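Next come two complexes built around chain A: one with chain B, the other with chain C.
Up next is the complex of A and B:
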């Protein structure tokens, strides 16, 4: 088991990084009145850990006994029926799902499936908790229609069901939903906090961690705790005992993106564009989300770019990122960005060097 | 409609060689020859003469007919129809010109001389030589509809004084009829069965010559004009085997005619299987002759000959127009001409058609220039294959200079936005002809367009890419309203297709000189498929390994967990291997590309390859 999973705090009491939040949540739940919750914050800040711990607090260890189901739902949408494949993770007390997986059909999931689950009030012999919990991931990726349906669902079934929503950015969640939830902002851990966690894990694992290396890992992790722990473990595998200046292995896809970036800088031609497309395809095949690829690519390109071009390039990156979200096939837009960059850069090279 | 007409008309015209179901004796051929010479001088008179002539000949023939039916029951249908209608031989004046002016001599054939000669020599050799000299006795003739395949065989046969024994597909059984028959105890036999047994008989016994009383000596040509339509692999396999046996063992010179549908609809399954069939026949030792579409000139020649004989007043320009519109299909051209001459006032239509004529002169394109604005009564609506259309867009052929028309354009465009006029119809029209749907069109263009850009022109690449991005955006706006509004749906679809196509045409401002390119199937489809597959696998493994206790987010897993797992050398379940494509190091990269290019090749083979036009 990876350290990330192994040392994940199981209960709210064990939580180190967002201790205050955890304690508040604990109070909230023990008073038996739990509103809908919306957790938001950057990746690797510990939202999911908090949610899992919260569930455990609510339902006891039973919440950890989960099973994975991949089920096809038949949704009746007016004149026709739609088949939806959805993977859910459920225990007796809660169901976790990822409605945005259904793409543009997400509103059916929200309307029908969630309604279906919310309707069935769990029968509890002890009469303790009269509600079920639905954990929805990536709410910010839901379409507008789906979010509207979600709002109705929240109101209608609030007696029997609590929703825990989880997303990266609350700005993409409609006001209506936000106002119906208790918003919990989970900020990214500071580097000191990360170092603290790394040292804690190091102790547990019996590993000597030089503080220099810990600091560097924290710095490299971009304030993502998960990232930090993962690279800590890779460092451990790569070289032990640690030296404080040892190299931290980068993610392979990031290296690949920087390779693409240097390809782009070297030559600007349709042929090269075609090669770049092939490499982008490869990233996509490996499930790297296109938004992340584009962001990383921009990051790598900016590193090597002259200051006067940065503004324009950023503009186009934003433009095509927006397009990508509106559009259907991300490669069209990524490629347009690369082509635009090549065109700008080539013009620049010609202007500077003749 | 045409078919119905035809069947009544056959009766009246004696020398309809094609429909004469079994054979044309040399006798009837000589007659028809003499007749045609008569007709040259006085068409009206000759027609009457011919009619009476035909009746007499029919009477003569019918005695033979009965005998033939004994061993060739398959033709029963045709004959009974023939006989029944002989009684009502009425419509002598309503002759279809297609039948009336069937070629009677080698000179009259509009088919290219060389091809005719080739076929003629082949038959001559087979007919004259003693049986054992040649091992192959099958000739496969391919070509579009209406290029004169059957006519050539008939004319050559008559020239060589050979009888043509023809297989015509029997009338199909209708379901109701079948129900009726099955009550009466008649078993249904599929047409394929009938064909098989026909071929079997031919193979085993040849055509039983002795029963022909009259011309024992005359040689026989077997003509298989109409291969049974096969549906599905099994039926196709049977047809294939049966033809194979025929090629191997027949002793009679046999011509198999295969109509090429390839150009019009590449996705058509039977067309493809016919192609395969043709190849395999060739491999089995059959000789193949491909007929090309008939040239405009020889169609024109034929048409003006008919005009002279019919004494219609058709100008050379109009003939030219009809000939061009026919797309090398002479049967169609003649029918159009007849229809055109039916018009009460041909002069009026002349004035109508004038502008189009000049238009068609301007354009050297082989595309049908007619249905642009004017709906002239003739002209086939041509269809294009998707690949043909894509080729047009990608090659982006343009005129070398502005024509006069565009100088008078109302609005002036800045120089960097101007493009030379296209050497094709409006892109939307081409799209329409290719039945192109927006999404696949966009995908195909996206996949292939970079190959057609100038090596230096990265700005063009950007322009093209941005237009494709626009098109994708338009296509995505459908998402919300698929169920709701079909009209809006189709408008957005066509707008997107238009943007994609015109974007490619406009953006590629420095088109390469045309050279050969194969068009690839979009790799994107493959990528999408394997991406979603991988995603599912990732999630599944994640669940299995950690029992759902950890993160649920595919992107997080892909970007953070899997790279680390790879580093750590975790090789948990074996099925991780094939999906995790390592991205470091050159040799692994190549591996991966191999995987893709394999697929690529497959795509290339299975799809058409386009040469440039």
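Up next is the complex of A and C:
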């Protein structure tokens, strides 16, 4: 088992990083009066961990017995019926799903599931809650129609069903939904907090951790706890016992992007553009999301540039990323960005050095 | 059905006004509708206005008051965006419902029960144009036995022919006093202590949206117990603390790109929503005294464009960085045009 999963806190009391949030959530649940919740925050900040711990707090250990279900939903949409296959994770108390898997038909899924859950309402025996919980991941990827259709559904079935929504950026969730939920912001852990967690895991695993190493892992992790723990484990596998100046292996795709960046800086010509294109393809084939490549590329380029060029380059990065979102083929836009950068940089070189 | 504890209902539902006269702050609408209750005559209606001002509440309340619980099911058809409302539904479901004749008006159990049915189309602005067009004739043909209530946020998304067939009512954002009095009423019912500072914070962050105010209040009450300060309210509302906005603005003023980049990274890592950041940054820029009008215009233009990009789903980090860079160029009087663009 990976350390990330092994040391994931199971209850709200065990949570180290977002202690305050966890305590507040605990209070929320013990009051028996839980509103709809919207968790938002960057990746690797612990949203999912908190949600799982919260469910356990609500329903006891029963919430952890999840089974994967692959169900076909028959949705009656006016003149025709639509068959939708969707994988859900469910226990007796909650259902978890990724509505964005259903593509543009996500609207039907959300309505259908909520309506069905409302119908099969759990019976209220002593102390047991009379509602079920629906966990929706990646609500920010939900289509606008689906978000609209959530509005009234949320109100109508509020007595029998609570929604827990989880997303990276709440900008993409409509105002109407945000105003119906209790918003919980989960910030990325600070570097000190990451160090604390790494030390905690080191203790549990019986690993000697030199003080400098944890700090360096935290620094390299970009404030993502998941990544920090993963690279900690990688270090452990690579070389143990640790030395204080041990190299932390960077992600190989990041290495590759920085290679591309220095390629671009060295020569600005159609031939080089062609080579870079091959490398970008290589990254895309390995399933690195295009916007992440572009962001990393910008990061690498900014390190090497003069201040006056930085504004210009970051403008074009934002411009092409936006275009990429509107368009279909991401490679075109990434290549366009590289070409644009080459032309700007060449003009800059000519203007400066003649 | 399992018995539910009353307390597990959201307060928004619990305190939803049951009668038209309880709807706060919308005097004209309430007057017309109270009149309707007496004369049992009413036109087609179109309610529009920002979220949380009581549109759905009013429509539901009038329907309940007209028919009472017994006849409500057979006389009122409530459709919202959660239900499928393509052109097919308009052609079949709505038309079928509209066509059925109803018995003449007999008061039943103290309710007026006028001789027509009501179709409530909630969130009508998310209906397609085709579906709206299909409604036109239906509305007129069956106007004897059916009244339509349209509810929407943006009246511009309702096609003109439909809008002209209805009596239009604009629902105003709630003023601070009205909001405060409603909130205080709920606080009394729920046994909460709210000092005046917290009360005014709540009114200002909810911007006239009563539902939002109540949701925040319930969230804060559940998280922090019955004594709520204004800081607690800010933390549940998702409003960005003013220090963070000021830090970013100061970084832009300094003219140091790397510093601004660092601040942007920080904002993203802290998980603050960028759209919220933009609107708060906008407030800071507009209210600042030491910025010339031209600079303000430059900054605001970019803010608008960025907002559009965010709606299209562009990456938050890149867009905020772009805003920061543009703001910096405007504040430090760097040229608007890029010098190396060919």
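Simple rule for what comes next: the second predicted complex is superposed on the first by the 307 of 354 C-alpha atoms of A that agree within 3 Å, B and C clash if a C-alpha of one lies under 4 Å from a C-alpha of the other, contacts with A are read in each partner's own complex, and residues count from 1 in each chain.
Please note the rule applied: a contact is a pair of C-beta atoms (placed from the backbone, for glycine too) under 8 Å apart; a residue touches a chain by one contact, two chains touch by 3 or more.
The shown structure was predicted, so the numbers you read here are calculated from the model rather than taken from an experiment.
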Fit or clash between chain C and chain B when superposed on chain A: fit
First, second, both or neither for A:343, with chain B first and chain C second: both
Partner chain(s) touched by A:183 [first = chain B, second = chain C, both, neither]: second
First, second, both or neither for A:41, with chain B first and chain C second: second
Touching partner for A:302 - first (chain B), second (chain C), both, neither: second
Touching partner for A:247 - first (chain B), second (chain C), both, neither: neither
Which of chain B and chain C A:8 touches, first, second, both or neither: first
Least Cα gap, in Å, left between chain B and chain C after the two complexes are fitted on chain A: 8
Those residues of chain A which chain B touches in one complex and chain C touches in the other: 77-79, 145, 326, 343
Contact footprint of chain A on chain B as seen in their complex: 442-443, 446, 450-451, 453-462, 464-466, 468-469, 471-473, 475-477, 479-480, 483, 523-524, 527-528, 530-531, 534-535, 538-540, 543, 546-569, 580-584, 592-593, 596
Touch list for chain A against partner chain C, complex: 24, 27-28, 31-36, 40-42, 45, 77-79, 111, 121-124, 129-131, 145, 148-153, 155-156, 158-159, 169-172, 175-176, 178-183, 185-188, 223, 291, 294-295, 298, 302, 307-312, 314-315, 317-319, 321-322, 325-326, 343-345, 347-348, 351
Residue numbers on chain C that touch chain A, as the complex places them: 1-5, 7-10, 12-13, 51-52, 56, 80-82, 84, 86, 88-89, 122-123, 126, 209, 211-212, 215, 218-219, 222-225, 236-238, 256-257, 261, 268-276, 309-310, 312-319, 321-322, 325-326, 328-329, 334, 338-342
Chain A to chain B touching residues, read off their complex: 1-2, 4-5, 8, 43-44, 48, 52, 64, 66-68, 77-79, 87, 89, 96, 98, 104, 137-138, 143, 145, 226-227, 230-231, 233-234, 237-238, 249, 251-253, 255-256, 268-271, 273-274, 277-278, 281-289, 292, 320, 323, 326-329, 331-333, 335-336, 338-340, 342-343, 346
